[in-house]
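Listed below are the structures to be examined.
Presented sequentially are two complexes of chain A, the first with chain B as partner and the second with chain C.
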Partner chain A sequence: MESKEKLLDQLAQAVVDMDTEAVEAKSKEVIEAGIPAFEAIATGLSVGMKRVGEMWSRMEIFMPEVMGSVDTYYAGMKLLKPQIKVSEHATYEATVIMGTIWGDIHSVGKDVAIPVFEGENFRVIDLGLDVSVEKYVAAVNEYHPEFVGLGTYMSETFLHVEALVEEFKAKGIRDKVFIICGGPAVDSEYAKKMGADDAWNDAWEAVAGMKQLLKQKRG
Partner chain B sequence: MSEIVDRWVEKCIKLPNIGKMTHADRMRKAFELEDPDMVPVAIETDEWQIVYAGYDFFETWNDVDKVTDAVLKTWYDLRQDVIWPYFCPSHVLDPILTPEQRKTCYDLRDGKSYVVFHEPTKDLDEIIKVFESKPWVKYGLGRLGSHYIPHFDQTLEFQKKMNNTVPTVLGVANPSNIVEWVVGVENFLRWSVSEPKAKVHYYLQLATDFCLATAESCRPYAEAGVDYVCVFGGARTWGPRQFEEFGLYDRIFADKIASIFKYPFHHICGQNLPLAMDMLATMPYPAIQYDESMRQLGWSWAQWCEWVARLNKGIACAMNAPTTQAMAYKSIDHNRRMIQEFIEHTTPHTTAVIMPGCEISVGTPLENVKAAIDATREYGQYPQCKTAAEQIWTEESFQESRKKLTKNLPQWAYNYRKDPKLIK
Partner chain C sequence: MPVMRDIKIQISIDDLLRVHGATEGQVKGKALDNYRRLLDEAEPLLRPAYIYRDVSIAETREDGLVLETGHVLQATILAKLLRTAKRVYLMCCTIGPLLEQRAREYKNDGFPAKAYILDSIGSLATDFLAQKGCKFVDDVAAAVQLSTSIPLSPGYMGWPLKDQQAFFQLLDCAEIGVALSDTFIMSPLKSTTQAIGLVAEPGGKAHKTNCDYCALKARCKFRKVQSS
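Take a look at the complex of A and B:
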């Protein structure tokens, strides 16, 4: 049996290498070794996604490889997530509901952001693509998240943020959540002008920004 | 003969030139890498025109005259240097759909928003079967045949009746665009790293055959006086590995389209890789419509524009600015500054056309569009624009940067570069 550290490092590296077979094999070994699933995700799979982020920032890998790593991450999650014990759930940093805003059917950014957020201890509820404002409102009422994440991949649909903010105000839920935007078409300054809290170009930048927002709120 | 075209020709035929050249001459000069009187402006207005002209997508969906009316009204009001016919997702997708799929594929929502479409499949085996079965042979071209072609014919009729003083731009998709677009780009990206390469190549080959046949079917347009073709490119988020493995199909298509049309230009929107820019500079396109740089580079807008311009010196006209995001929601001053920087950091090295990296959004304010055109006319005067700004890169620093950032250029692109005759 490999040492725990070595096993988790191999799990992380399998994500970087987009090696689904390896990630599945290592996830099974983790379970058999009795390593807590939450720990395996946080210090194995998610460390892999962090390395992917670093390589992305250094332009060593590009979107196809990032997508490959995301899929490998999910292959590991499929095995590890059911093993998370109830007591481990208490450690979530915050809850994020995420979706691609209505009128937009792109999912690249959201698909990458979800594992990165999960890796940073955020609980993510994925609402899918082309999500209507009504669906966002219903999800806020159901899950009571700290964040509402809007994937907007075209400048056209980025402009929908303003309508969503207005609807949230009308429903009395605007001040209960941070509204954040992500995607290549977003702009922080204009997102704030439309009433959102912030916007970031990639998932790793978003994590830092979200933690900052939480810190400001929690003092 | 079209009544709607004749009505607009009557209004437009006696319009005086803007500047010292006709729109057509200005564009031609830029594409021939010669100095025009001023930088041409050709903002891709696309579906924005429909809403600008007071129509919506419900009423224009089956009414070609209204679409043409919107496009010609937009040209008359803005006096850009080209006419942009309206190119809709259905014009690309319909040929590969069954009649039943065509009925349910598009969602016009409130009629004033972007036309949303649903991919026919997100499965590689399924999409291969679709291309193998050639639905376009069995079911015809759908809205490409019933809508885009008649609309384009009307804009060409306008071009001719205007004595070819303003060119119309034909739109075609290239293989990488088709293979990504019809299944959702994220799915193709996944397959490029997870599926057997032979299978992905086969899919690309089928799409390339389709694109080459499309290009060939457009040949009569070249003979009828259409010079400008916008090649809507995919591969916008590919990295060096994908370009090396799968990039050659776009090159094959580029050769084909360049053998038919005089001025095809490549459209690559998104955050562009320097390597992709270098690769495109080896293709037989006289112009490139590009977009922002990868944010990881940390470059300023002017720095990026100058880098691309230096790269294309003696090779291609550089077309950009402002970004479609800036057009949609930034201030007039911001848009003017982007245009000024683009012009003043491009024209010292190659010719420039104001053409944001993608089509502008339906929600783009009219005042931003007008301001962009005005700024082009103001900052784009030759020869002043060529010496108006101090340049950021030196030839040495540019070459050093290029060497570093494009070292993984695909082998096939190097092969083309070895023979300069193949570049032009």
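Take a look at the complex of A and C:
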């Protein structure tokens, strides 16, 4: 049997190599070896995704390679996620609700941002597209997230942020969450003017900003 | 109302890689094979169709156009770019629901990247179809010694999305299987609307593209011209 560290490193490397078969084989070995599934995700699979993100930022690889790694990452998640024990849940960085705001169908940005967030150890709940304010409110009450992520891909739907913030205030949940926006039309300053906490048009920059927000909150 | 269905959509691996920020020389092995396979898988799922109508413009105001039918299209950009136009072509095009369904299946089965790549193929196909529509109107215009404006759509350049309603009142979009939601979203999602004016200026678009009028500029990864 390989050492735990070696096994988790091989899991990470298989994600980088887009090697789905290896990820599946190593995930099964992890389960058989009794390594906690959450640990295997956080220090194996996700480390692989993080390396991919770093290589992408250094422009060593291109989007098609990132895509290959994303599906490999999820092949491992498919096996490991169901093995996570309830007691392990507390170790996520934070929970993020993601959805494309009402009136908007652009989903690609959100769908690319989600694996990046998951790879950074955030728990993500995906509400889909054309999401109404009522759905966001219900999800906040159900999942108690730290972040509500709004995919706002058109100038017109970016303006819906203000209405959502007002509704969150009326329901008494505004101060419980960070409201963040993403998409090509977002502007951090303007998002703040509308009552959101921040906005980014790049998922990796968003992760850095989200960690900063968490740090401020948690002190 | 005229409907066009017999359209061969051609998307190359280069087109697909370009929208994902790469070229064929840069991507190799598994990643490239994956893209090629999905391109082959997408082709038989495309059901292209567009419907159009030629409408006379009754009045050009500062903030939009009044059509012969009484519909008002409320956008300064329309008034500006179609100021010499007497007629406008309204179009709706779609690639149908099948590709979208396959992408959804991939997503639900735990392959979000495959879903994303198929989605990009769908967007390229939608764009290809819209450009075919433009080419058709270009030919109509040339036959009567006119030229065409760039294509404009609700949601672009300050043209409010609510004007999607005017398109759906004026075009029988159900004929090509496209419906509009009360939040002004078209389904199948891979559908677009566009308005193209027959303008009197010689040169018409004068080599301009939509990007020249769009506010996103450098923030857009899909920009056609990378100059200032």
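Criterion: the second predicted complex is superposed on the first by the 210 of 219 C-alpha atoms of A that agree within 3 Å, B and C clash if a C-alpha of one lies under 4 Å from a C-alpha of the other, contacts with A are read in each partner's own complex, and residues count from 1 in each chain.
The rule we apply is simple: a residue touches a chain if its C-beta (ideal position, glycine included) is under 8 Å from a C-beta of that chain, and two chains touch if they have at least 3 such contacts.
None of these values were measured; they are calculated from a predicted model.
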{"item": "Fit or clash between chain C and chain B when superposed on chain A", "value": "clash"}
{"item": "Partner chain(s) touched by A:62 [first = chain B, second = chain C, both, neither]", "value": "both"}
{"item": "First (chain B), second (chain C), both or neither touched by A:71", "value": "both"}
{"item": "Chain B versus chain C as contact partner of A:108, first or second or both or neither", "value": "both"}
{"item": "Partner chain(s) touched by A:158 [first = chain B, second = chain C, both, neither]", "value": "first"}
{"item": "Single chain B stretch clashing with chain C - from 254-262, 290-298, 380-388 or 398-406", "value": "290-298"}
{"item": "Doubly contacted residues of chain A, that is, touched by chain B and again by chain C", "value": "18, 62-65, 67-68, 71, 103-105, 107-108, 111, 130, 154-156, 184-185, 201"}
{"item": "Chain C partner contacts - residues on chain A that touch it in the complex", "value": "18, 62-68, 70-71, 74-75, 77-78, 102-105, 107-108, 111-112, 114-115, 130, 154-156, 184-185, 201"}
{"item": "List of chain C residues in touch with chain A within their complex", "value": "17, 20-22, 26-27, 30-32, 34-35, 107, 110-117, 119-120, 123, 155, 158, 160-161, 181, 183-186, 189, 215-216, 219-221"}
{"item": "For the chain A and chain B complex, residues of the former touching the latter", "value": "18, 20, 56-59, 61-65, 67-68, 71, 103-108, 111, 130, 154-159, 184-185, 187, 190, 193, 201-202"}
{"item": "Residues of chain B defined as touching chain A within the complex", "value": "109, 113-114, 116-119, 184-186, 189-190, 192-194, 237-242, 270-271, 273, 294-297, 324-325, 327-330, 361-364"}
